[in-house]
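A, B and C are the chain letters, set down in written order, and residue numbers restart from 1 in every chain.
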């Protein structure tokens, strides 16, 4: 078991190294000269040379990559090309915003998705089920940025209920302003996910309900609500919790579109801006940061499943 | 983040898809009974027809030109001449001559939504095709030959899937530049294949242990024969489902890239760049952004309906699963 | 700011570097007016009601972070107001609106320079009370200036080329040397020796690039100077958190006129659209951004808020250049065909009315400008006829270069359609504004046809005609005569105007030049641009200085009483 864990951990580290390699390659190997990218399409030779000199890009690429990995491993993620800020520091400043966005959205989508899914599953093919599934379908099909614009138009511009975006620090404006500014982004992001959760909950509840032990419980004469709460939901929720873990891990890496539309200075916006400005240290930092969450979540899910489900054999 | 950026979830993705061996007729019958899926299919067929016929449909039926800029033109509304684009640069809203209003350059939004369908559908279709090709090859090699090739490819797939899909797409788009249709197709293909590779790998891994493969091997069938005669037919189901649902994802992803300004470049209209062009005026000229967004929504809903219907028809009893 | 905005600072300096003789007279006047250092014009504490008072805090917003908070590296137009408030140097411009603002006065120097040895040696004396701000609080010596100027070459500053005229500058530019023998520091005396006399050099020395730097800080944080600024101007950085805010406080070590405000906060990451909403709600006082077109449309209709719109003629003109030395634009008829094809009223609409159609080179705010209204089209039939006469009966195909900054792509696609009507089929090639301008000004790249804009640095027609259309000023690099227009008659007129002392006579010559270049279609005019900003009613001092977008140290809060009638005014919805 320990051997398996160690192996699994090592694999995860390797995945992170490959992620760095892929990112590095995209920005360094495909175009001949990152300095040229930084300088833009029309840059003169002098400009390019001066950028190269300033950023120390004259060393061989593999050397640069290995050096980056070595530094990253000991926690030195370098300095941004453009703002000169420490990458770690920039991520540290952006992460609370992404965290705020994610947690609020998670609460909203769970409150929406799971009850809708349960009720749908209990009354399949009813009018409620139909409506709920249409809602879910629209949720998973709408472009986030467009939904955000529609909400901004209606609730901020027309009705004036919410600010036109931006982020309010808790330290500056208090919890009220913080939530007020984030309400629309939360709902926007949550709608996209609530659809998935409603569908998943519905499917899981229906699946579990058809299991033998649930039928047995019903046959024993337990009340329907007891059956639902004690037997069905508890078992149906496991895959949902797993999915939640993955989704939260994913969102910790930033929600580019939602952050862009609402002007939230989170990880997604940081990454997007870094990519536009070819700010390689920042790109590497944000991508690795996002990848770490995903890899760790994957690892946790594997471990949890291995423990919970004895049928999954541990590959030696 | 859009729905396209959703991770399929490792647990769900690694789930071995139920084997599919029912005759096609049953599948078709089951699909035909799904009214929602049929409705989606009808909408998609109509949309494709409209997209194909746009060069004829727009001038002859709508009497419009998707590329003509009515900057200085006036039209008659309720008996009075009205500027298509006002002195302040505000375009006319939905009105008799412009059913869905005009955009900032005085072009007809309806015509452009129809032309946008051409680009969005083409890009998504070819992007899906590319992802299919890549995913199939990698998935087959991984699942069939296993060993060191599988280990390397699987770690690479893991790594690719650990990068948020939208970030990866943006990074590729901004490095490759150009913003032409072909570049966007390449990007869609490059970011989407990993998921299919995982499905195919899992499928092949389970299939190759099955009796009929063992039997074929026992009678001396070669790798190629086993691959094409025994494995491929069993992969058609999951591939079709993947293709349909990935069309939905690709439409969203293409529009997100164009919205961020790294996708299809104007004046070629795509739904995403229409929203991007109109975004700065969303509060005073909402129709420029609303209608392309609705077009995306309806199209993606339809692809999802058809995809869900196909999955239910091909793999009856399969559980709902998420697809990027 | 529009397209070329981000390069206008570059162009300012380039122009000053080249247009030497034009400003001789002007400069002489400037230097001779070496007034004794002004005592603070405003006494501290409240004065007249609504007038300038010292104290308080103003909050501004903008979306992008400052590029750098380092005088050697900062270059973005919108970083300008910040860096110009933090980093001062030997000289500054007077605080006055209009043309009166284009006058140099001593700042960290005791007086205007003593120019010796035939205009090749500039002698400065650093003020005794000149001090660095926190954390140093030490006296600024001439050595700090020398270090700052030499550092420009070491870090490849974007402004480095302006200082190539300093003795040793050429070697330093080539990277062969890191010290400038031409800059000599002895205690508080700074001597700068240049290779050839240049009356504009004194203006180059007044740019923030020459702000003194504290070597001990740079050595300590070589990669993070933006995070460790040492102020030399009226404000110092209390805190800079990228993507959140820049907090400035009054620099008590600054020896010049202190700022009115105690604190100035620039909140970052606020889009212009949100910024306008916040100003209207009384949450913030202003923004370093152009009012978004969609909001401008609304504000202009609002009787209260339209007074808070700072709409100014930035003396910015936009046009299409056409390479007159190569086919097809070597034929004046082809150029005229382009002029006749354009519908400028449609282009004004692209700018949401924040522009006027241009039928002449000089913007309307320029003293002595006359509205000519040439090529009042569109007349595509006439264009086709002109093309036919020029030997292009089937029209022609050509590439049109431009920038991607809003509304550039929209404007160019409309121009593309207008030209198409006249038989000129163009393919658009758009790039980012800054790098594009660099390439366009590189003669060896031979860009035939493209969009360009020029903003004046001081209100004199010479700034346009001599720089943009004098055939003798076509250079290999940093060329501003993008049309490569070289007409002997026009050249002669321009040179005559430069030496004409009588105002009305000179104005008449410039008007004649404008008529001539329009007749020859040296460029195809599009629009004269107007810029707009929105400020809160309680804020004063936001006039547009001739060389500065906004002087933060001149901003003040009109009434410091808490019940300022701000919020109520902005409630009505349009």
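The rule we apply is simple: contacts are C-beta pairs under 8 Å (C-beta built on N, C-alpha and C of every residue); 3 or more make two chains touch, one makes a residue touch a chain.
Since this is a predicted model, take the numbers as computed values, not measurements.
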| said: So with touch defined the way it is at the top, what topology do the chains form here? Options are line, ring, star, complete, other. | reply: complete
| said: Count the C-beta contact pairs for A-B and for B-C, then tell me which is higher. | reply: A-B
| message | Report the inter-centroid distance (CA atoms only) between chain A and chain C in whole Å. | response | 42
| query | Measuring from the mean C-alpha position of chain A to the mean C-alpha position of chain B, what distance in angstrom results? | reply | 21
| Rounded Å distance between chain B and chain C, as computed from the means of their C-alpha atoms | 46
| Multi-chain contact sites of chain C, meaning residues that touch two or more partners | 273
| Which residues does chain B have that touch at least 2 chains other than itself? | 282-283
| note | Multi-chain contacts in chain A, i.e. residues touching at least two other chains, fall at 41
| said: Looking at the complex, which residues from chain B come into contact with chain C? | reply: 67-69, 71-72, 85-90, 104-105, 266-267, 277, 280-285
| Where on chain C does chain B make contact in their complex? | 273, 292-295, 297-298, 300, 343, 345-346, 348-353, 406-407, 409-410, 413-414, 416-417
| query | chain C touches which residues of chain A in the complex? | reply | 39-44, 47, 50-51, 53-54, 79, 82-86, 90, 93-94, 160, 163-167, 169, 263, 265, 269-270
| field | Residues of chain C that touch chain A when the two form their complex | value | 63, 65, 67-68, 155-156, 223-227, 241-244, 268-271, 273-274, 277, 431-432, 434-436, 438-439, 442, 573
| Complex contact set, residues of chain A against chain B | 11, 14-16, 18-19, 21-23, 26-27, 30-31, 37, 41, 137-138, 140-147, 149-150, 152-153, 157, 189, 192-193, 195-196, 199-200, 202-204, 207, 239, 242-243, 246-247, 250-251, 253-258, 260, 268, 271-272, 275-276, 278, 283, 286-287, 290-291, 294-295, 298, 301-302, 305
